[in-house]
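Here is the structure we will look at, set down as structure tokens.
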């Protein structure tokens, strides 16, 4: 009975395609996509981009190492989303556009300008960006590129509303990008939903901009009470039709699922909740998306980077 | 558009207040509170105290290092509880009273006497203690001080009932404080609720004291079945009005949330459940509270200490 | 009041019984059971066996180290299941039969033959095996021994259906044992239920054998939607009466609960769910069970091995 | 040329001998020796014994977990010392006698009495013990057994002289065993050499007992200046002929080589130095030896336990 | 024989002195010194200061967390240097002055100005600073304070000469402080010795400023060839009499001894070498000293912080 | 004085060259070299190649993950060897040829044939390979390609001679490649030097092939006694002129420097010794070189991978 004949040659695998190689092998690009820095020459539908910048953090740094490690873990991803049937690489072309190389990192406003310039190239080439931070402050220069023509809606999954104001001499840190984006007319607060908000506060007014500008703020307690499906359904109804940017801060996850981040807050989402919510975004007009705040020096065994890569795959599936 | 004017000076931060400094900076006291060892001279309403003692463990040691690391992680806490609106530092004075320095640690009964003496000073000064263990055996000498005048009720969130008896030559180990406390008239079993109990047993009778004395024992399966709100509501009804001591063993959490503890038991609480339950204690007459069994040598990236610090902040919010 | 008399001698512990010794002490056998390699001479009802083989993995290796570390963590287990009242060591004899020593590990088919030969000895001695892998490919040679006389049903809790086919030159890797087992008539697909399936796919047809052969495939989304009780109830109804093999892949757990495994997939089970589902197997005619894919080199602080040991204890409780 | 014929069957391995099995497989006894708790019945020449006790530490605990993890790493050891040609298992019988099970661990003096009783059994059976701590305080009860008839010499390799006195209410902690041993006439200070001493001091007189009693104290600076060969040669000349006990504290190693210990001191030995020095002990009349203070909770990837196991193998080679 | 009488009460410890308490207990200040932020009021001879700033790194961040963790490990230090007999706390007063709180961290030049202002307060109070970084860029503002009146000599132990120039838009990063310091007349290149230099180079001219300005550059190969004593003796002869600043970059250590740093370079110093070299500085006119570049997020088990704390203790011993 | 003018623009960096970008940024190829899988079209002088295969290990697996992590750490390397002045990228062209993709990994002999075929392509294109394992068994198929025309000499730095024979059914495991290579006439034993050999032995005859065939075996004790310069000088004299292959097993390092490997042996080389010895190879006629046995799952903080990358850089410097 052990003499089961050995199978026929494995003709189904094309080893010239990095996505079909063993997942531990080979150079790690995002999802084992082709590496294309000269992207204007051959523009994919979707460009996956690393933004290795953490000059905007207010607490623990390290997110500059995020793109490298998320790329590494992203090689665990395969081609098709079993839960939804999405097959992003069949319906859209995609490439790893490499990292934004910030030439003058020691000054926050200038670094943001460099990021913005890179994304202007991306948007100019007709590419929709799926970005990997870096700290959340990078969402601002990305929005300056993808939303430069009109305000967009926002689905933000995060422990923090990130609509703070001046802090330690700067308006542009990672706790404030969405206030500045609203101030600059890049996002329409009436179409912005923030989900998973929690954690202690310095001031009762810490996220007052979210409230006063009319954003929808869904605290984690709502997720616990109503369930993630209802919360996201309400968020989608709030945001409505039209272009939308999706921003996922890995600290939306509970620290048991995402220890490797700069501002962990106990009591967050599980991966099942996060995956379920992202999947509900299918059909939106997504102009760009990001996954930010993976800080590998604080990670444990790559768990945060793996969950970050998985979240990026889910985002890709709803963007494609 | 990048020329957004730089914000006005950040006048709202008072850097002479350690709680307003960057969270990674400065000497780590609990919640960045003032350090006040000579507390009789200027007694705060609430004293936060470390009890670096683990001579009562039955399995893995290390909880003696708990206060140091919980202090470290507690600097992540801010001032206001976003979920409840509680602002403990506004409504009560608080200080870090330092650690109980046990002078003769090599003998369990004597060490407990030293802890009791320290807490007699605390209680004598009119301070309500919020303690950080150390192993759970320290709850006994703390109760001897805070409940010396009358039995109190107990809300205990723990994987273990800790109402065992003689084990390896001692009645005073960390698996037995609440039996001894009941024996000594410090707690009223009819007002004691134990929540989250689980794990394998040596004997069917292991927690028989809890049952026979009339304590309410809520197993983790009740939490899974009824939900944490219902379980805590029933516990509160059972305990009723009157003075109560609150004891949170970090091993009530699932080991994915609290790997750094001496007696981990699979299948425990999530942080959302633990936070939710502690918040329901608002309004109780809390005579003292503790968070015990954080064992940093077994921790992973500070996760257990961070969850312990968060639980202590939640306790502070319902005590203040 | 501190003069509480010291307890009477602890007469209840029999230190000649390793299960009554302190859990950190002593040589680590599974559950501190007697070590019995010459098991034909004194056959226990249940034999706990390590299979330190990981030659069948497709991604990250290390499961060969699983039995050693699961044994280590299994010493945390006590004797009685608090949730169910099961007392396996009272109702059945059990022993640690040691590890299968594979003499020619460099060739997969031959290694499987060695494993099968070992299990033929076990089954021949009338012992029901509870196995600890090793990678999931070892379930095939185990089934060749325990199901050699007739096909059995299968309860498989796993992130992956493991009914793939030829991959990289072999039909016998850890992603395919249950297809080969069905091909060889060892399991009856109409009595096979697979629970917890998730993760991205190489091909839409990756698990087509499960579907085409009539197995019940319960995706993780069903667990999220219906709850684990309903999912397992349906699985039990599907499998029905008759002999059944139970196979638990530790990667069924979410990576937050089981980082130490070769093919982690985000969004999996919690330990409360896994424990609850295993407990529902009480009363089945279990011919053997396994817990596979614990890979200690990728573990974090022993969490995966501890959860693996706990799952094995739960399996033992429903087998005994 | 690739058609090199496959080798003949590997007839040289006897898989019934655990020492010839793959090193990751099987139940971990010390050096994969037979486990023999009932050792009086069949007394080996050398008994390898675990002493899982850390009640004598003054700083970080965890050495109670030492025997388990040193056993685990000791399975990496093979049979012959390549550097010296020693083949200990050929020239002496050896067995793993299991761990000393301390029944009343909560009181230091009593625990020591239990350890002493165990070693009296060992010595009474004519077995020379090679012990694995536990903290260094266990050397005292071991010496009470092996040196009860006459004082012995001492070769101690350690960062600390461990000849302190009363500290925090006890004379019997891990910083004092050799003072008490000298006081009790178990060791002859004129034949005691302590090597590797370093670290900061509480008092200039901290190790005055060593000096005043006439012990030879070789500081780490002597090793740096003269080299380890000269230092050990002088120590051997000092100790001279006659019975000698050898005590190796893993903290003699630099923390880069032994992070997992309770009282690490920067600037210690390398493993090459430690191995070289132990090898020079060949020919001594060794009445017993120990390796202590491996604290797995503070270890990094098993490095300390592996170095501890290697040191024990070197000790075994000079004892056999 | 076990009846050894228990020692007399431990009268020698004064538990009101934090330095005499158990080392795991209590709030962690540097060396358990008194915490004195209002230092002008009661100026110690030596002020130990944390500078939690890492805005000047070129590669891996995290040194902002250095002071917290070095404080933690510094509690392992005792009072007297066993190797040299130095007793710093007897011959000098010392205090922990807390951390420099940088109010505007998002801009490098301004942050340096804030650091400089703090040190002007320190120097103005007649205090000699012993600083804990933070990245090496902080040595520049410290020198601006301690050397503002005249150029000083420099003993720098480092893998890198840190005399680079403009890099990524800034002259003030952690690879350049000593070029800027020389440019500003704060250090006299003819009295500057740099020891331990190694690692690959971007350009042959990377450290040309060191060579052209006349600094003595001792590569690690010199340490390997001549030994550390000779190398330091030559450095001391080069620096000669007069005021000197001592700067120790923890990356001078081999990464096996200091994994937790931002720019590790293989093949560095051992702790025995580093300790030996620092001890040779006794008798110098030290105007200030620092220990920089401990980056806890990259540390392993606190080893780097422990070695950093030990190096600071050695520095204190030669400063006092 | 703070008004030091900001430096001129950093014109010296060319950010289109990945080697001039920040080291944490960008996709990780070996040394940030261009990725060139279609290497016949544009053959570099030196091809850097990953061999992610660990099917030949006898103990701990994981070396399949070596190339990914060594690539990651290799981005820390700069362009010029400070110690020797070598500037490899100026004097030779180099590229990252990617990984050998083994299509049938489940059978050792066949996998070796696939590796050999890849290297035949490399050698056929006139490229000298610098390889990164993978386990040491891969040296055999590499030698079959680079030495197919004539036997070459060997400089092997390793804890193990790797000239074993049949073990567990195979002659081709990682403990035997150099015996098979000699048997096949690929290496000339009279020109083979093995350095750093140590560790315990199964049999006195374990490395008899090395001795009987006339190889030079330099044990670690020779390094300790004579120093690494003398040992390598003797090895170079033994090997003499002519083509030579260089094979560096990372386990030649002490486990404190290389914890992440499959067969660690205490008491090994330091990085200063290893770097020094490799630098002495300058001027040899090197036909190929490898760095093997980095096993990331057992690594600690990337230390082993970093040391492996550094060793590869040193190898590159003497090959170019």
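To keep things simple, chains are lettered A, B, C, D, E and F as they appear, and every chain counts its residues starting from 1.
Operating definition for what follows: a residue touches a chain if its C-beta (ideal position, glycine included) is under 8 Å from a C-beta of that chain, and two chains touch if they have at least 3 such contacts.
Quick caveat, the model's predicted, so the values are computed rather than measured.
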{"item": "Repeat of interface C-F, chosen from B-D, D-F or E-F - more than half of residue-number contact pairs shared", "value": "B-D"}
{"item": "Mean-CA-position distance for subunit D and subunit C (Å)", "value": "38"}
{"item": "Residue numbers of subunit D (touch at least two other chains)", "value": "10, 13, 22, 24, 60, 64-65, 103-105, 168-170, 254, 256, 298, 300"}
{"item": "Chain contact topology (line, ring, star, complete or other)", "value": "other"}
{"item": "Residue ranges of subunit C in contact with subunit B within the complex", "value": "1-2, 4, 6-10, 12-13, 20, 22-24, 76-83, 85, 87, 254, 256-257, 270-272, 275-276, 300-301, 303, 306-307, 310, 313"}
{"item": "Complex contacts: residues of subunit B adjacent to subunit E", "value": "10, 13, 15, 21-22, 24-29, 35, 50, 52, 64-65, 67-68, 71-72, 96, 98-99, 101-105"}
{"item": "For the subunit A and subunit B complex, residues of the former touching the latter", "value": "58-60, 109, 112-113, 116, 144, 148, 165-172, 180, 183-184, 197-204, 219-221, 224, 254-256, 259-260, 264, 266-268, 298-300"}
{"item": "Interfacial residue positions of subunit C with respect to subunit F in the complex", "value": "54-56, 60-62, 64-65, 103-108, 110, 168-170, 172-173, 295, 297-298"}
